[in-house]
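Chain IDs A, B, C, D and E follow the sequence of writing; residue 1 opens each chain.
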Amino acid sequence: AEVNFITDFGFNGRHAYYYVALDKGYYKDEGLDVTILRGQGSADAIKKVASGAATLGFADAGSLVLARGNDGVPVKLVAIVYAQPPQAVFALAGGDIKSPKDLEGKTIADTAFSANRLLFPAYAKAVGVDPDKVSWVTADGAALPTMLATGRVEAIGQFTVGEPLLAAVTAPKTLVRFGYKDALSYYGNGIIATDATIAENPDLVKAFVRATLKGMRDAFADPAAAGAIMAKYQKQVDPAVAEGETKLVAELAEVPGRPLGAIDPERVANTIKVVAENMKLNAAVAPEDLYAPGFVE
Amino acid sequence: MAAEEPAAAAFRKPVSAPAIEVAGVTKVFGEGKPGAVHALGPIDLSIAPGSFVSVVGPSGCGKSTLLRLAAGLDRPSAGRMNRYGEPLDGPSRQTGIVFQEHVLFPWATVLQNVMLPADVLGLPKAEATARAHHLLELTGLKDFAHHSPQMLSGGMKQRAAFCRALLADPQLLLLDEPFGALDALTREELSLELSRIWQELGRTALLITHDIEEAILLGDRVLIMSPRPGRIRADIAVDLPRPRNVGTAALPRFQEIKQAIRELIFNPGRPE
Amino acid sequence: MTIAAVARPGTALRRLLTPLSYVAIVLVWEAAVRAFEVPAWLLPAPSAIAGAASDWLPELATNTLVTLRETVFGFLVALAASLPLAILIAFSEPARRLLYPILLGLQSIPKVALAPLITLWLGFSEWPKIVIVVLVCFFPILVNVVAGFESVPKTMLDLMHSLKASETMIFRRLRIPAAMPHFFTGCKVAITFAVIGAVIGEFVAAQSGLGYLILMSTSQSQTPLAFAAIALLTIMSIVLFYGIELLERRIVRWSH
Amino acid sequence: MTIAAVARPGTALRRLLTPLSYVAIVLVWEAAVRAFEVPAWLLPAPSAIAGAASDWLPELATNTLVTLRETVFGFLVALAASLPLAILIAFSEPARRLLYPILLGLQSIPKVALAPLITLWLGFSEWPKIVIVVLVCFFPILVNVVAGFESVPKTMLDLMHSLKASETMIFRRLRIPAAMPHFFTGCKVAITFAVIGAVIGEFVAAQSGLGYLILMSTSQSQTPLAFAAIALLTIMSIVLFYGIELLERRIVRWSH
Amino acid sequence: MAAEEPAAAAFRKPVSAPAIEVAGVTKVFGEGKPGAVHALGPIDLSIAPGSFVSVVGPSGCGKSTLLRLAAGLDRPSAGRMNRYGEPLDGPSRQTGIVFQEHVLFPWATVLQNVMLPADVLGLPKAEATARAHHLLELTGLKDFAHHSPQMLSGGMKQRAAFCRALLADPQLLLLDEPFGALDALTREELSLELSRIWQELGRTALLITHDIEEAILLGDRVLIMSPRPGRIRADIAVDLPRPRNVGTAALPRFQEIKQAIRELIFNPGRPE
């Protein structure tokens, strides 16, 4: 079966495991002919899946809460990848930002309405920082690393998996990272499908998840090989960066005591709660609306 | 199109239906606005089919305005106009016009400009081309057929416009100083050529000119207009024999008429 | 004046045709969305958009003002920049050969790609957005005005030359009035691109404005609000366009 | 023809001015980057860009072709669409009042905001990109051609009317030739926007093309490659612009 | 600007330096290209300061071309031209021109059009305005000063162009059929007015006309040109008393000269 799979944003090292699954024929073994498409952000990827332009996709759980609650988009999670919050704030090491508390009185740059910014109050409260003492400015994603490197801003919002690329730009200076996962527990990105696909074609979804998880395990076992495979398919991606990002994906994905990819209803509920508290949600969303169990074996 | 083509109408109507009939016509530009110009009239005028009417009158008296009304390009502010007995409510394909500002398309060659009526009226191409070449030859533009109009002198442009007006052999000729930019010799040649064509083919012509001799030489009647707002001050019959030629101007009767008209023009105080 | 203006139906009806056509489009859209049950995230119904607009009225109003200010200011800067450049280009062959290709190059650079860099260079201020508006909309003005300066009939140039008029005088008395119709055509094209430029700028580097609002509502799956913002941008653009056309009709009276 | 063409220096030198100006810009840029040690991720040196370009030659070549095809195809579709629309608008007052505002609305919608939606509607194919190119570049053609149709001198219209020429004939013989200079002005503006439209389309909905390459390389901090792609786009745009100008000079000979 | 203004030069140079001197001048349009037109010459000509030279010749013979060369608007293909003893290498501010196609700016009023030379030459505004109003009055355009040129008749446009040429009271007048679109009466009035102004102020004039009587009535000399390529076939001195007026045309000598010129024009076979 032909499957269009859409990423959350672009083609990055953090997507290496999909290419591992593709390269090693795991999809083919399941009878799937997978095309990996480039996404334009989680909200867009969710809509692309909902509209049928893509069969399956990779998107942020928080965005999915908003999509269901605000626009009523009929899409659910079928497997989780970032089982912990991927959001983080980065600053240059050696400056006066050493702990989260030092962010008070500073300016952080991020893309407009990124979850980094919107969920910062939750993180701040959890680590005892006054979110009102932190100011945010908006910049394009492409410019963020440079802004940090040139000192235009003191910190930027970024996914933890973005660190290798960021480090390459700020080198030789090193980075300090404040990951939200150190203080909060909600879901980040996972694999999504429409209610209709889940109901009508569960085997396809299962097969895709199965093959992807296989690729993921391989990638986590040998990040360097995963990086090399990724670079083979996407020449612009530096294999070393992809290797680094894969390692960081593993950090987010591997939760002790839980199978890789499995969705925990409690964390789903917590995710909804965090979103509802920090963003504008028009209608309440129930955890059952957000994920479909049984696709991770 | 409600109005019938005059050529056809001419056959149906009593032969006496005038080619152009003007009754109580006035033209005011910018009516009701400040700076409005009462350009013309009231005018009454009847042009018999097959006749040649010359119009002379002071600059700005409304001659071109009258011609545009007769062409159906403008509507009168008041009064009625007929063409071959039918209400005149727009242009007719049976009319050939030379505009005072000889309008030529800069993107076309001289020949293509002259051929325009054939194009628009859908005349047979080969015939029309032959006629165009004939007319260009007649007017001394043979060598410039494939030049662009920008390369012509003022008088040559005017001649090209004249050729264009004649191309489709129209029933009615409306000529606004068609020879104004020509030297005396060329002017005489071409005006006699026009006279010949007109007589041979039995067309109707309205000629605006500032040359009194030309008006007499060509016309059955000479209309003398008053200064703006233009009215017909005098309508002088030209009872000279036809065909006219270079010798006509030497006739005593010609000189008499000329003198009468000069009198009228140069002593405008005298009412008619 | 259109060609068909000669055959005119009732003036009142004609006046109403434009608003009526908009109303008709909105009605058809509403009906289609309801009939085919198009989901809101794919294409929200006009009623849903209106609902979102009324819920977000204050935000929409303030952000509209922000975008409007950027658009108009950027457009005016583009005007102020492109007129002297057009004069220089029409005036001097070397300037034409040196400047025109560079300006053409500037126009040709995809601004969407350049925008992040501009933010980087100019920092957090109004300026990146205004620079983007200027870059997006100066070119139509420039090209049209240059064409207008060159549309001057040779006979009129001869007249000025016969008086030994300086190039400055020829510009003031001949080229500038002759170029007015072209100038307005350029402005009408440019103003619509100026609005688009402002949105691009706001996408990349803004804390406010309708572009920012679109980004926010898209990322939070508030599709009807995004459409409300898009509708406001469209209206803004149309109003600015017809504003320029009005100005044109007052100034260019001779071409009719 | 420029005004200053009368006072002409050596022709060979004048011919060289344009390429020389480009070379000069590149040299100054290189020198500045070296002198101030600007880091590559802020503004790469031309030599670094050239290096990236030679490393990525095959990719750049194929992606250039993709973008060129989209640009040219979209431009031609825009041409094919806007000419009949311009005729309709110039031809009929009701059409003008109905259509012009709608087309103006279409132009006014920020395409950057609309692009993701278009992909939603049309799926992953060539079409979203072409639709975006068309939407971005039809308007300058339309506005200029409408202005061109209306630039016809009244005396020439009178001539045609005196022959009772049909509107069709007036278009063929009068309005179309008279509008040619405006038409080319519109095309020259439009082609540069067509390139930009293709990039916007590729940013949002493509797996190939120079816009895609820019996005991919930027996201991986391959800044010199991004600049190489931007440079290629700029060159493409300039070549297309001068191509149209060449065509214009062959066709519009009378306005000089 | 290397060339000195002729007014100043006239004082320095021997008084005998001609206003315009033409030696061996030819003009070929599109030289070397197919379709090239040999328009003019070779021509030799000398126009004394303060003289009035009329030019007649067949349409397309190069009269306008000659005038444009004298105005410094075009360069000859061969030959030399001087103005007041200095090489003629461009226009001079001391020249007033009426172009054959009376060029008016459509965006300006009639008055503004007439005022153009004052604007360009930076003449005192109040004086110039008074003069403009005077000229408009003289030419019967008083009521149209604030109208736009599109509202004028053909002859009225020509009169406006005539006013403009006279506004700055130029040393040298170059007139290309300035009265071609005027009726006989207006034409006579204006040409006598021109004659008066010319004589009173001691200006130099070159007048192209198709009206032989006008050429004689105004000129000290009448140049008769041959068909293209235009050469000077005859240079006829007009030894009629000045000032000229309506009565002049009645003098037997006038008729003699007129007859001689008509002979030359209508029998071009005879070489001169």
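Keep in mind that, in the parts below, contacts are C-beta pairs under 8 Å (C-beta built on N, C-alpha and C of every residue); 3 or more make two chains touch, one makes a residue touch a chain.
Bear in mind the structure is a predicted one, so any value in this text is a computation, not a measurement.
Which chains does subunit B share as contact partners with subunit E?
The shared contacts of subunit B and subunit E amount to nothing, since no chain touches both.
For this structure, which two chains have more C-beta pairs in contact than any other pair?
C-D
When the C-alpha atoms of subunit D and subunit E are each averaged to a single point, how far apart are the two points in Å?
Measuring from centre to centre gives 50 Å for this pair.
Taking each chain's centre as the mean of its CA atoms, how far is subunit A from subunit E in angstrom?
Roughly 86 Å, centre to centre.
Based only on mean CA positions, could you tell me how far subunit A sits from subunit D in angstrom?
38
Any chance you could list the residues of subunit B touching two or more other chains?
Only 101 qualify.
Find every residue in subunit D that makes contact with two or more other chains and list them.
In subunit D, the residues touching two or more other chains are 42, 116, 120-121, 218, 255.
At least two partner chains per residue is the criterion; list those residues in subunit A.
44, 47, 51, 141-142, 146, 150
Check the chains against each other and report every pair that touches.
Those chain pairs which touch are A-C, A-D, B-D, B-E, C-D, C-E.
Mind listing the subunit A positions that touch subunit D in their complex?
Of all residues in subunit A, those touching subunit D are 4, 10-12, 37-38, 40, 44, 47-48, 51-54, 141-142, 145-146, 149-150, 165, 168-169, 234-238, 241.
Sort out for me which residues of subunit B touch subunit E in the complex.
Residues 29-30, 35, 37, 56-60, 62-65, 100-101, 140, 146-147, 151-156, 159, 176-177, 180-187, 210-212, 262, 265-266, 268 of subunit B touch subunit E in their complex.
Using the touch definition from the top, list the residues of subunit C that touch subunit E in their complex.
153, 155-156, 158-165, 169, 173-174, 177-178, 180, 253-255
Quick check on the complex: what are the subunit E residues that touch subunit C?
Those in contact with subunit C are residues 68, 71-73, 90-93, 95, 97, 99, 101, 103, 105-108, 116-117, 119-121, 148, 150.
Across the complex, what residues on subunit A touch subunit C?
That would be residues 41, 43-44, 46-47, 50-51, 63, 66-67, 69-74, 112-114, 137-143, 146-147, 150, 152, 279-280, 282 of subunit A.
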